[in-house]
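Take a look at the structure set out below.
Chains here go by letter, A, B, C and D, matching the order in which they are written, and residues are numbered from 1 within each.
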Amino acid sequence: MASPAHTGGPHLAHHFANLDQQYQSAKLGMWVFLATEVLFFGGLFCAYVVYRANHPEVFLYAHQFLDKRLGALNTAVLICSSFTIAWAVRAAQLKQVRLLILLLSLTFLLASGFLGVKYIEYRQKWEHGLLWARRYHPEVHLVQEGPGHDVEVPGAAPPGPGAQAAQEAPVTPAADGDADRSRIADAASGPVGLAEPMPASGEHRVVAEPHNAQVFFSIYFLMTGLHGIHVLVGMGLMVWLIALAWRGAFAGGNFTRVDMFGLYWHLVDLIWIYLFLLLYLVH
Amino acid sequence: MSERTASGVHITSLRTLVVVWIALLIGTWLTVTATYFDFGSLNLWIGLAIATGKALLVALYFMHMRWDRPFNAFVFLTAFAFLALFIGLALMDSAHYQDVVIPGYAPALQQ
Amino acid sequence: MTTLALTSLLAAGPAGADGGSFWLPAARSTTAGEVDSLFYLILGISLFFFVLIVAVMLAFVLRYRHRRERPAEPSRDHNLPLELTWTLIPVVLVAVIFFYGFRDYLDITTPPRNSYQVQVEAQQWSWSFTYPNGYTDSVLHVPVARPVELVMTSRDVIHSLYIPAFRIKRDVVPGRYAKVWFEATEPGEYDLFCAEYCGTNHSNMITKVVVHPTGEFETWLGKASNFLEQMTPVDAGRKIFQVRGCQQCHSVDGTAKVGPSLRGVFGHQVRLADGSTVTADENYIRQSILEPASEVVAGFDPVMPTFQGRLSDQEITALIAYLKSLDGN
Amino acid sequence: MAVSTPVLPLTDRAAPAGATYLNAERGLRSWLFTLDHKRIGVMYLVVILASFLAGGIFALLVRTELLTPGPTIMGPDTYNKMFTLHGTVMIFLFIIPGIPATLGNFVLPLMLGAKDVALPRLNLASFWIWVTGATVAISAIVLGGVDTGWTFYTPYSTTTNTAVIPMTLGAFILGFSSIFTGLNFIVTIHKMRPEGMTWMRMPLFLWGIYATAIIQVLATPVLGITLLLLVAERVLGVGIFDPALGGDPVLYQHFFWFYSHPAVYIMILPAMAIMSEVIAVFSGKRIFGYRFIAASSIAIAILSFLVWGHHMFVSGQSSLANLVFSALTFAVAIPSAVKVFNWVATMYKGSVRLLTPMLYALSFLFLFTIGGLTGLFLGALATDVHLTDTYFVVAHFHYVMFGGTVIAFLAGLHYWWPKMFGRMYSERWGRVGALLIFVGFNLTFFTQFVMGSHGMPRRYFNYLPRFEGLHQASTVGSYVLGLGFMVVAAYLLHSLFRGAPAPANPWGSATLEWETSSPPPPHNFDEEFDASDPYDIESLEYDPAGGGYRRHDPSAIRLRPAGAP
């Protein structure tokens, strides 16, 4: 709304009666946009719920390949970035431009840290072939080492029930009973570093890979990928805001744009809170 | 306690921000430790409860929902209502047609 | 007025062909009667409301036509009792329609216990029906007055088995079993369409349902299923060629279709997509039947499905004999 | 979100006295980067009508091909690409943006007595996103066309080698244009209503546009994620919807129809919005049952999200879901019926003027009633098994979308034409066009009801000989329809240059857009309004000199002139 050269108070557009009407219009518009984002991500959450409800064994089996500690770290990083952007909005309202620039840069750093951790996780999946459906060639499988403790071990998974020919005689299909679904206890701690080879001590019962385990990784990459794109877009907007702040656009207290960006960023954090729970903490 | 901008918009105090921030970090720690105890079928719901609690904290305090026009909150909740409708009906149907789905059918992956 | 003129103009329409009414083809299955009665119930309700609304509209337009000296008379702008009645009456009517719709639907989708089961396999642009004794045919033969259940699956995309005369339709989705049942009431031949868009020859994915009078079905099935012994290899090969869907994509008169024409192919050089040429002998034909994508003829897409496990060796040798016979003529 | 292109600041629109929004500024840049909702509405009108022309040509090609069973003028693949293009162009490019983007954009701020929509730059962004999306979608034609139908059902859409990705990306981008228009209208109606215009004193056109905006905002994002997943399916092979990779094609249909059924209400609600205005004005009296019509708009908007499963009764959906969706489908039929009854009741004791907009309104009532009633056949489970995926469905949705939305669009276009362009069109030719379209439409689509109930499947390039007669009648009808539209286009274009200058209020309507000149000045109004009654037609009188209507006491609804303290 404000023309960049303008450093006085917030600028009133010609078609509004007063500043409050203008601010509330921007606010309502932003909340409606956040509603569309909720429904946009909602499609993926629906795919998650449908596949998890109908194939729970896939999610119990496959989520153990995700590193809980990196997930938790990322959640903390995003929560901190939510804090810094909320404080930045406060700084903009109080016309503390230097503090605003510092806090926006801090949020930017935290966001890039978040993407860095995601890169590490993605590279691990890439190396172990744990990718989406068409490129799912796992080179790691779970070995049940003692009660309730599953551990990642390199080496191709044994042909689980999934490989059995799907073209058996077309009689009404017997439901795939739970008999051969291994009892996967939740891992006491996150899987040991994916890279380290498993000490071959004693006999270990290999956890059979359930049917269509690749669906979990498809949903994982779709959800975290789309979320990552939203983080990238957020980082781009932060650079734009820092540039505007540098040129003094917020000196006059016209904080609307920082406030709107803050709402967008909090929603990105809010969606990650659910992603972390649904993808990493399945049990 | 609550300051106001020139045009009357509420400014959240730093103390509130820090308190909510700490609460969120504790919430994250709580979610992770909750996975170490097995509450049986309740696990999912406990996790969701904690996550929703954290989400409410972010929405109410960080996103000013508590001091803003209630209609904005109503718009946000409507989105979740329609999402629940979509997930609910799609889940109801998919759960009821699993008996005719060929288990593990993925011919492109079998070769 | 235009619609009335229209309907009389079209009375000939498809109605005359098979003794059906203006609106519906002849009902030839036990459940078709229920569907038709519901259809006419809804038609009645619709015609009544349609004529009512249009008549009242025209009456008001004519009665209250604009004349400068006669402005609009004052009249109420809302009337709660009237508005409630014309809300509740439709609610009751649609509830009745919904109830009959669902009750008849349950009859349509619950097959009787002793129904005769036929396996159906839909693939891009042909149907194949496998009878309990293993015989496969591209035309659905069924006994009259006996419930028949079709257990269907698709090899590629979504198709939909639709028999208008029996008022049944069911999508055939890959990766699952679709079930539909009917009990034919009249012997005869009825159309069977594919009703879910499935590509280039979607409109040619048509076959027939032949309903045999009582007692004749078993004799037909007996004679048809051991055609390999009775017929000469060339005739058996021709039957397989027509029944198993080969003719949908390969012609025998030289014109290329989705696949190359097979006339005069046997024993001659064939240029492959990768530029090499190979002679079309028995091994090449057996190979292209079992692994079609391995040696694709130049200029054609590798869309032929594999027949691995769907054609017995005896059937393949009969097919090869048939292709040999295509050489000269 | 701000478009950082150099834009004319809004305040400096000190247009010379008497200048209208059309001639206040000159030059292409003043149009392409305008923030004026009226210019954006006119630009949308041009591109929307161009899309309608393209979609219409594809339709005529499809109908010409169906003159004879075998190939008539094209092969099966070309035919499949042609009906897909007809579907996608008509739906994503024309009818979804359609009325809200053109008439809605132009009339909404005027009806509120406002100077512009709440977020003008978002409005311009929405237009440019439409242009981008349309270009990407149309590029599918040059890349070989797409032959999946506008529904893109998997696994066919993931296995065909035609240009599915450009078309789906185009539709994905167009989705955002629709979201931004809806968002803009919600904010405008909430925040910019004038003095005295409470929710229950708002013109019914705004109720209809508001209900449409709710659906645009809540349904379109799910289309976005569905199309994105389809592109991911083809490019990466994520196996969510592709059964070859373990996905579930029926889940795709749930995703697709969760948007696409509310989308048909995005199409019909603006049409109903126009009907409430046109029928009230041309019956010369207050609308009947204002509360019921407004409430049913919102009821339709909400119920439209509950019924999508009736597109999937035979597609492998479970019987329980069929039961639920069939019952809910009948619930959504009630508000539409209530509206039709209210419109007919409005004409009671009125003074009905059969001008062109009213002719289209009467055609709407006739055709939409047929469309709505044939929905009963498709909502009942037993009859739907026989009728779905046949020409009966094709006829049903054309009666509702074409007979409903396009006919109402023509009514609205003629109704607001004087206000938009300051010219009157020729009434005589208007009536000829309306008659041609009405006869052509019925000949084209009533025949398809008969074909469909006799079992003629849809999307068939080659059909059994017994349907040839009906197909030929339908094709002849489509030619009459095409002729009708040429007549309408001719006299409307002619009126732009040589039409009689239009008075401010040619029809005698009491809503605020008629309180300013035709065409309006760039800033719409010079005073503020106390708009407490949009339908007090009694306060207007016919002024033979100006050829239009005038208020007895103009100051009755005017507060102090704008700007004065």
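Note that contacts are C-beta pairs under 8 Å (C-beta built on N, C-alpha and C of every residue); 3 or more make two chains touch, one makes a residue touch a chain.
This is a predicted model, so every value here is computed, not measured.
**Q** What's the farthest chain from chain A if centres are computed as the mean of the Cα atoms?
**A** Most remote chain from chain A, centroid-wise, comes out as C.
**Q** Could you quickly compare C-D and A-B and let me know which has more C-beta contacts?
**A** Looking at contacts between chains, C-D has the larger number.
**Q** Where the CA atoms of chain C average out and where those of chain D average out, how many Å apart are those spots?
**A** 34
**Q** Find the geometric centre of each of chain A and chain B from their Cα atoms only, then give the gap between the two centres in Å, rounded to an integer.
**A** It comes to 13 Å between the two C-alpha centres.
**Q** What is the distance, in whole Å, between the centres of chain B and chain C, each centre taken as the mean of its C-alpha atoms?
**A** About 47 Å separates the centre of chain B from that of chain C.
**Q** Roughly how far is chain A from chain C, centre to centre by C-alpha average, rounded to an integer in Å?
**A** So the centre of chain A lies 46 Å away from the centre of chain C.
**Q** Residues touching two or more other chains, restricted to chain B: which are they?
**A** Residues 71, 78-79, 82, 86, 90, 94, 97, 100-102, 104-109.
**Q** On chain C, where are the residues touching two or more other chains?
**A** 153, 174-178
**Q** Hey, what residues on chain D touch two or more of the other chains?
**A** 190, 218, 222, 237, 239, 242-246, 248, 250-251, 255, 316, 319
**Q** Touching chain B in the complex: which residues of chain D?
**A** 190, 218, 222, 237, 239, 242-246, 248, 250-251, 254-255, 258, 305-306, 309, 316-321, 324-325
**Q** How about chain D: which of its residues touch chain C in the complex?
**A** 76-77, 80, 147-149, 153, 155-156, 159-161, 243-244, 248-250, 283-292, 314-316, 319, 322-323, 326-327, 330, 333-334, 337-338, 340-342, 344-345, 347-354, 362, 365-366, 369-370, 373-374, 376-377, 379-386, 388-390, 438-439, 442-443, 446-447, 450-451, 453-464, 466-467, 469-470, 473, 535, 537, 542
**Q** Help me check something: in the complex, which residues belonging to chain D touch chain A?
**A** Touching chain A: residues 1-2, 9-11, 13, 109, 114-120, 122, 179, 183-184, 186-187, 190-192, 217-222, 224-226, 228-229, 232, 236-240, 242, 245-248, 251, 255, 523 of chain D.
**Q** Can you name the residues of chain A that touch chain D in the complex?
**A** The touching residues are 1, 3, 13-16, 21, 24-26, 28-29, 32-33, 35-37, 39-44, 46-47, 50, 132-135, 211-212, 214-215, 218-219, 221-222, 226, 257, 260.
**Q** Please output the residues of chain B touching chain A within their complex, sorted ascending.
**A** On the chain B side, the touching residues are 3, 5-9, 11-12, 14, 17-18, 20-21, 24-25, 28-29, 31-32, 34-36, 38, 43, 47-48, 50-51, 54-55, 58-59, 61-64, 68-69, 71-72, 75-76, 78-80, 82-83, 86-87, 90-91, 94-95, 98-110.
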